[in-house]
């Protein structure tokens, strides 16, 4: 059974339909890439999965449980984390407080401290700036914080919305290494990226979204060699 | 009855009332509405005015001149022939302007400013503010009640500031000195510690309170808790203080007031009115209720005097009543032998009462 | 110029014309009803107040909807407009001035004085954001109310006398006449406001705000609202345009005050008419009618001013029902769920137009 | 000496403003809305105490506890019915709805309890304290203590507890807070519950110190407390405390030494001046906006 | 003389020295890149250039005029316009109006003229519309002229921001990560647009970008910031091959 199963999902903004019936699944331990042009509906899909938006039709199964109607905060405590588009850090709180909030659903102080150390190890800049207000961080620093914060919940599956946006080239490499590490440590990853090339290079499988529909899917390496993909998303 | 939807009762006088039954001054409007209702019920039960029943309709003005005009127009649509109202001065002035234009007879139970009776179609049941201010000062002076007097008044209220001005003016002619004039406003009427402290510091042995009893009840409590015990002296707005639910009436011991009405009066008119009111509204009537009660009787007396009939227009009735009211003489809850002068003012005697053992006692 | 652009211009122009037309049609209908005697006294008495509140709501909408600043002091501007104009009218009452001319001058004075106070209060506007501004405007309104309640102005052959606290200190000669008499305010202002004047003022106010918001200055004002930092970065003088918008908004409220003052013979400054409660009431008109939607403001002002009067039949329950209706209308107009519901059921709701566009 | 008396009176009044302001600021700080119905929740709390104490002779403490419970429940219900549907709408829309709720509460009270003034007997059994020529009432002592305890309690609650951290997260970004696993609706309900519970306590003290009660009792202190909260820096808990106390002192001293007629004008003028010098109030944090 | 001369620029936030001893010279017509690791201080340099922050030390001279520490508005009037790292559009105004706000200081009439709709109003408005539409056409946005700005897709919002900045007729245009959030195809298109703007409007452009394709594709000169200080500066290819730059920024 797939870890995450989306079936015939339809999502609306008011009367505008953003997702027009998509189905896909994510198996435990996989890295799945979701790619598509601007406005294709990638963010909408992720937001619907974590309960920030509600689906009009269709269902979302997480480890066999139907979470379509489950309130967002409960989904998080079921083991799902989300690095949102636009970072969404708590601007008036310090870096440390932001990270602490990431572990909101967890109880064991010892384990939380361990996670914190791990995050600081992946993102040394955050450790340097742990008392700085998150709102004053640079764009890239905020992106790191958003990622670190999501990791603090020790999720079994993590949804990432354009984690490499605004990062320096060297750090883009780094972030993809971190994603690989996360995956290697057993966490399932659903990755939305504009940097399709990089995303496909680390993904197991991928889905291509166009104006609210899935138009292509398959093995990531194969898709990388698909001519139309190359043309539309890899800029070759 | 409410509004124009009902079929008009051809054989009844349509008397309207206006006052605040919601909003900050609701307490006064409600009293007037109820007091008048008692009179209307009595009259209707006893066979009406020259055999004609009264239709009575009371409209809310929230204490606001503009809403009062709306209330007045509503009553006009309903078919009002005589207006009993409005309760407070500001709205009354704006309505008086409208009644003058329509030539509608108007008698206000409690709007006490002289501006109210500028037009010849408007009459008052209560004393005018200047009269109360002057009479209070005279009474205090003539009876040697005090050497030093402090005043606490509501500067945002027409009634209160009107009396205060005249009181101070008259005080110059009296044998006491005004040592403190302290104000409060509609927006800060819960804490009087400062005003009291200043009165105390000025060594006032009498504090004049030309205000309503709502605020007075706090003043008495706060004075007590700061150990200040001068004589308190109020006007007609003070009446009702003993009726405040849960009020420790021992605090009001010795409170003097110049008022035409005292709910504890033993005369027949008052006891009748008070018992009916208490039965119907589970509450002790205050000055406002009594004024309204008398206002309805004044209208009745004048209508009878003029031999008016319900088929007359409001304007015709007004012409008759303007004259007739100056000829009537009624005994009411707020005084016996009340008469009206053509200027609109009432002639009746204020009674000076003092609260003793939780009761009003005439002085 | 491209076709698209022409279309834009047409869309706003059309909407503005509809608003003007709405006002004129209502005026005509009312005139017919009055002429044929089929309008109740209540409704006739309400005509001028309806205009007053529509005008003030238009003014406040400029501030809230376009400048994006919350003002809880528009009753204060209305108050200064009312008192200054009534003061002028009463001073000139016994002069030989033509009453119409006198009214026009009173109107200009009321508007100008309110504008002046708007300008004064506008200075803190520049430094404060959001709710801090709200509280400063609220404070302003309360100060005005308090000061007017203890202000005494009298007139005698020696000219005007001013005093704070009591009328004695005016030292007037015996023949003097009080004009502003403390808490009693101004009494006996001639009732010159008519529905026609009210409608003309509404049209003028609409003309001013429509043309303002569709001009260069209007765009600057909206740019400040939408993104202050970006507006600065394209060289917009924040101070100037904020002040301008706020001053115009206050001036319009002042004009409403003039209409108010000349509709009642008793002008007093009380919590009920010029307190923060009234400011909030006007804000209710603006928000319910849709921020940035002047037509909505007028409709909301009319509906909500009439509602408690229409509910008079319900007696003791009327204010209760009024509160319930207000909450229900707010939920229906603003709750995202309700908006979606309306969109999906394509209910043409006048109030909701702007909301939809903004969302 | 006299000055000290005035000062004490000011602190007494101020501490009551402060307690109300704490509730205001709490709700504002977290839910980002001006709950204009707060003053009316206070009024309802007072009526509960009035009815149970003087009507049913209930023990004062029990009666106050009952009032806190009633107000808490009321606050939560109001939030659920009137504010929650507007969670994603403009904050102004919520403000207006709050005003509707305020009218509603006032008129319900008017219908149930009538317009007449009720005299409220103090729930504080303490005797007045006399030091030299200065009298401090029992209510003052209790109000000041309550105010300090509540302020410190709230500060610790927000800084140290998980629920407090959740509130901070919700106040900044509801969606992001939800992504942390915070129950946003629950947190806002909790905020309203605490704010309304505080309103009950504030109301009881208000009416004990200034013993009259009408359906409109809550509205003016509510506005004054809102002013106090802004004065101190809205959203800031110690700010609400300082703002409340200062407002009370300014009001009393203004009345005592400048003019009792103009005391409202004085209070508001000081407020404007303070905001001109410090645009975010005394303890308000400047807004960080990274460009 | 250089179009922009920055000398010894520095600023601290609390204890953090965000930019220190920063120097830069941009010649008229140049396409200049400012790159560096995250948090190096690039946006902060932009903020000082545009008056959002007042520099603690150093000087900024634009076209011979000292603009150090001036207010944002004055700096814009002096000739610097910018876009923002996180897009700042006038969301509730139409696309066309966004650009017209940019034209504010160059096509003027008084408020009263606007309210009274004097002939000048119509004349200037027509000019503004024409000018704004021309600008929109450059960015391929003319079909969306009457959309609300917030309804545009992300990539178009970035372009609109550039169009608005250009409308203020600057001498120097600052772009903060114009390609962020764009896919490779959109980035390519953007590169063409930037080049076009430079040629067509005779513009001097300074941009911050992490997308190396864009940087190497269009920038003529580069300055690399690291921890607030200039790490390297010079011709694009030289800088990009600088081992220090590779180590600190580019990787591999």
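A, B, C, D and E are the chain letters, set down in written order, and residue numbers restart from 1 in every chain.
Just so it is clear, contacts are C-beta pairs under 8 Å (C-beta built on N, C-alpha and C of every residue); 3 or more make two chains touch, one makes a residue touch a chain.
Chain labels with UniProt names: A, E = ABC transporter ATP-binding protein; C, D = Branched-chain amino acid ABC transporter permease.
Just so it is clear, the structure is predicted and the values come from calculations on it, not from any experiment.
Shared contact partners of chain C and chain D, listed by label, are A, B, E. Seen from the Cα centre of chain D, the chain whose own Cα centre is farthest off is E. Taking B-D and D-E together, the pair of chains sharing more C-beta contacts is B-D.
Taking the CA centroid of chain C as reference, the farthest chain centroid is that of A. For this pair, chain B with chain E, the centres built from the Cα atoms lie 73 Å apart. Chain A and chain D, compared by their mean Cα positions, are separated by 42 Å. The geometric centre of chain B is 35 Å away from that of chain C, both derived from CA atoms. Per-chain Cα centroids separate chain A from chain C by 50 Å. Residues of chain E in contact with two or more other chains: 43, 52, 84.
Looking at chain A, residues 136-137 sit in touch with two or more other chains.
Contact of a single residue of chain B with at least two other chains is seen at positions 21-24, 155, 183, 185, 187.
Every pair of chains meeting the touch criterion is listed here: A-C, A-D, A-E, B-C, B-D, C-D, C-E, D-E. Within the complex, the chain C residues that touch chain E are 1-2, 4-5, 7-8, 11, 207-208, 211-212, 214-220, 222-223, 225-227, 229-238, 244, 292, 357-358.
Note for the complex: chain B touches chain C at residues 2-5, 21-24, 59-60, 62-67, 69-74, 76-77, 89-94, 96-97, 113, 115, 118, 154-158, 160-162, 165, 168-169, 181, 183, 185-187.
In the complex of the two chains, the chain A residues touching chain D come out as 50-52, 71-73, 76-77, 81-82, 84, 88-93, 97, 100-102, 104-105, 133, 135-137, 149-150, 153.
Looking at the complex, you find that chain E touches chain C at residues 50, 52, 71-73, 76-77, 81-82, 84, 88-94, 96-97, 100-102, 104-105, 107-109, 111, 113-117, 121, 124-126, 128-130, 133, 142-143, 145-146, 148, 164-165, 167-168. By the touch criterion given at the top, residues 339-340, 343-344, 359 of chain C touch chain A in their complex.
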